[in-house]
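In what follows, structures are represented as structure tokens.
Heads up, the next two complexes both have chain A, just with different partners, chain B and then chain C.
The block that comes next holds the complex of A and B.
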């Protein structure tokens, strides 16, 4: 029988490594957001940077964003997971150093070598530039991605080792004994379950990603080593989908860990929770064909699988994690501050962004909306208002001066600017997609420009809000490493 | 289809928004005993699960009824008019650019170099059909143009610096 008694857990400050991850994440995130704004302003014809710079910025924006949200998500996962298992700090730091080496390689490839084949490096475009970039620039970009991937593989191997050592296996980390047997109440905490899931899927995804990168690097210098374009595409999207999805599953650990501290209510790893995470582990690995629905050459069953799993994947998000957050907050007497607001709204952002996403995975819809602005519309919603909101919530948690500290009106205004800015920005994408505006176009047709202009205004509002979040975090770095009570106690009807 | 996708998305997004606002409004006063609240919430969740399942699953199956991959799409309406298309960086090569309205069309799409996307826009610039153009493979779009006019073709897969200029036209009817 489950107990709903909350056991208070002390708030721990972040290790220097976690703070280093977060500072790098904040700076790169802001820079990538500015690149995104420039792209939107180019489409809106507010500025004129030309096609080459647009696609160079697009390549940096994609690679940079995917990398940096992974880094930020990893910092959240590592911070909380190390409170349950023994992780190796040197490997965690090594991942950051390796990441930065990869970033330098990618920056050099794009800024010095003019590489602009998009972060998805779809074969055979990187090796077929029509003279726009050199073989060396393509190798530097793909090598940079490979280096970053190696860092994450090391990190996940260490996490897998620690979970196996502490719980006796990855299946146990997912709570399978309690899921498939009697629930003895000893299932691993949500942070461990989520970390196990992320580790399993990311290790597989990264190995597939590294494999295709190595194949393409060989092909670049030895063209007789031929690669099937369809196989390459499948491998790239498998890796890309798993890796970008895993960032949300890493970051949501902040919600599982912090919201209970604000509500003094436990977030239990019960059977439904465990079942949903095991289901997500499988679905995240088999949903990727929804990126390939317009590649008719794939077997029909494979594409239909992408369609079906797209629908099923909404259940764990809506019914378990999203609903769980609502349950824990409902009549909890929670005290709203920047941290609790951002974490609460992050579940809204994730759930609300999942709606146009699964609709896009419907084959008949995809037929007329694939690679329109509808696609960045949905993923920007759940990444910014979902995942990135979790990161900023975590930053506010670490930097909160004391449990009763009040937020300044500027921060509260920035919160609303962030919510309104993101929704306005992403809705302009979605509406543009509905109207047929093609994705990844440096120049838009005149009829699409009004949505680009509206999107630019909202993006500027979003970035202004993010500036406040980042400024606040950086000024509170000194507090973020200390151990003290941060989460406000909920209002009690007894007091 | 685009309007339907937009409206369904909006409705679902609004429902989630209302749910979240409801919880936020009702978060102020604390119900000390969490156990009974959890039991009530789990009961409601079971109902919610079935509502979502009963809406989503039939929708999922219904949307599998008329897939663009089905050969039968062009059957029974006369012999198809075939257009062979090859994507190049950065232009489309087509062996014909004119078809008749009301008669099925098969567009065989491939690529000579990198991935492209063959997207057909009607006279109102609404995307009506697409397929990826991939080196080494041929994807077949089966479509019947019911309205005469000049349809635009745009590239729907990023293919390099002139991707956004990779356009051509298909004329439907005797224009």
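The block that comes next holds the complex of A and C.
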């Protein structure tokens, strides 16, 4: 029978590569947030940048955010996973370099080539610009995505190699012997289980994404090679949804690894935990049709599958993680600092952010709500207050001067600014959606503008708070690489 | 290694030679090459498999010596990738049907330039290298199959459009099955390679 006790492990500082990932992530995240604010201000009629720039910024904001949160998530995953398996630093760095090459291609495509067909690059829009952008600009955008995908494939292959070398197979990385046999207490730690899941789903998603990108590139130059538009949309959303889902599963490793250090209670890889991750490994690949429910031409079974699995996949990992975090924290006497606050609130953001998707995944609701601001309301909550909060929590953890260091009032104010700003900003989306405000419109009806204005104020508050987080991280970069005890011990243990 | 012991290798080599000659007989060639699907998805892979088996029949020190002479595993993979890519081109298929020299080149190059070097390289490739070969091959197969399905023209003069479409579908299906199989080996087995501590990198498995 397995017994679980907490075994203290030393706090390791971040490798230079992890810090490089985090610095790039912080800078690009801030830039993308500013682009988002400009879009919201355009809708609110505070500024007038025009339709072309709105859609160019929307394309950059979408593609940039998906890419940069993936990069930030990968840095968290790599930092903790390398404490259990032997990862290859050169491949980790190669991924960053390849990513930056892809980013330059995308920036050139949008800023110089005027490409603005959104990150979804839905077929046949990239090849039918009606003179708004050139063939070369569309090819550069899709080529940039392809290049970024190649980097991530390499990274995941290295992770797969390392997990297989250490545990003997990806099934063992998911803890299958303990899940389907007796739990001997030797299941892989949560960081390994999560990394295995992410590696499996991302490898599949990236291969599908690369296939549709190559086909669209062929079609761009030889249009007589026609692509089934419905199939192309299905493949794009499969790739996109798997990839963006995976980022939170990478970032949640920070919660699994750091919170136990504060409370000195172990995060158990028990049967329930392992079952939830295995279930989600499968379900996360079938959940994407909830974005396609309005495409009536898809087979009915496909849409019903999306509806049912959308319901089912909302819960396993979320409940196991949320419940697990509460059990770790409950009556532990945890000392709240910026890191533990951000990590704990991230679970709230994840839970709250998943709910609008759960509702929107209902076919009858989807018909009315899917093309409204309700959907951006969902993923902004889930990503900012969930995933991005985990990233900032990780940054504060790395930069914490010592275990007893106190947070400055500015940081605490920034934390509340972040929470209130995000809630207000995302509620403006959700409420606008409820009122019928269409998504992806540069110009809004007068009835929608009050929500846009409110959203802009809250977005500005959010960005101001993020500026404090980033500034603090950058000023503590020197500390982030050193090995020392960071987590403040819970009162019950410290006294 | 039992496999490289003389009687076993001789018996296997003999069987292999018979299989190779059998594939080269006019009757079998005509039947295989009458359909694009059989040509691309049966005859050509069989020729590659013959190269793979032939290489594995050689004693390990011979394999190591050849590998060292050709410059290691990366040149071998590159040669295999280029040679296999060439035989995926429609005009290469046409040439093999119309020109005896091209047909001979196919019968020689697929075992010698694809199967043989892949086995040589495989022993030294880590899971990253093998993963690269697999993901590259599978995605090429899928995309090529897709292109065959949607091609607005006959890409091969020797085959009809419906044959081309059928071959395309088989390629897409094969790529999906191969991908699932490869992932399956990673899930339950883990593949073997130089990094695998308990098998000492014998490279005896292909995944």
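The rule we apply is simple: the second predicted complex is superposed on the first by the 488 of 495 C-alpha atoms of A that agree within 3 Å, B and C clash if a C-alpha of one lies under 4 Å from a C-alpha of the other, contacts with A are read in each partner's own complex, and residues count from 1 in each chain.
Just so we're on the same page, a contact is a pair of C-beta atoms (placed from the backbone, for glycine too) under 8 Å apart; a residue touches a chain by one contact, two chains touch by 3 or more.
All values derive from a computational prediction rather than experimental measurement.
Visitor: Does the chain A-based superposition show chain B and chain C clashing or fitting?
Guide: They fit side by side.
Visitor: Given the touch rule stated above, what does A:365 touch, chain B (first), chain C (second), both, or neither?
Guide: Touch status of A:365: first partner only.
Visitor: Per the contact definition in the header, classify A:229: touching chain B only (first), chain C only (second), both, or neither.
Guide: In the superposed model, A:229 contacts chain B only, not chain C.
Visitor: For the combined three-chain view, what is the angle at the C-alpha centre of chain A formed with the C-alpha centres of chain B and chain C, to the nearest 10°?
Guide: Given the fit on chain A C-alpha atoms, the answer is 100 degrees.
Visitor: Give one of first, second, both or neither to describe whether A:7 is in contact with chain B, with chain C, with both, or with none.
Guide: In the superposed model, A:7 contacts neither chain B nor chain C.
Visitor: Once the shared chain is lined up, is A:161 touching chain B (first), chain C (second), both, or neither of them?
Guide: second
Visitor: Which partner does A:170 contact after superposing on A: first (chain B), second (chain C), both, neither?
Guide: The answer is second: A:170 touches chain C but not chain B.
Visitor: Report for A:210: first if it touches chain B alone, second if chain C alone, otherwise both or neither.
Guide: A:210 contacts chain C only, not chain B.
Visitor: Chain A residues in contact: does chain B have more, or chain C?
Guide: Of chain B and chain C, more residues of chain A lie in contact with B.
Visitor: What does the superposition give for the shortest Cα distance from chain B to chain C, in Å?
Guide: Superposed on chain A, the two chains' closest C-alpha atoms are separated by 14 Å.
Visitor: So chain A touches chain B in one structure and chain C in the other; where do those two contact lists coincide?
Guide: 228
Visitor: Which residues, counting only chain B, touch chain A once they are in their complex?
Guide: Within the complex, chain B touches chain A at residues 1-3, 5-6, 8-9, 12-13, 16-17, 19-20, 23-24, 26-32, 34-35, 37-38, 41, 45, 48-49, 52-53, 56-57, 59-60, 63-64, 66-69, 89, 113-115, 117, 119, 121, 125-132, 134-140, 154-165.
Visitor: Where on chain A is chain B touching in the complex?
Guide: 4, 6, 51-52, 55, 116-118, 120, 122, 124-125, 128-130, 132, 228-230, 233, 265-266, 294-297, 300, 303-304, 307-308, 311, 314-315, 318-319, 322-323, 326-327, 329-334, 336, 344-345, 347-348, 351-352, 355-356, 359-360, 362-365, 367-372, 374, 430-431, 434-436, 438-445, 447, 490-494
Visitor: Which chain A residues qualify as touching chain C in the complex?
Guide: 88, 91, 153-154, 157-158, 160-161, 164-165, 168-172, 174, 200, 203-204, 207, 210-211, 214-215, 218, 224-228
Visitor: In the complex, go through chain C and note every residue touching chain A.
Guide: 126-128, 131-132, 135, 138-139, 142-143, 146-147, 150-153, 179, 183, 186-191, 193, 195-198
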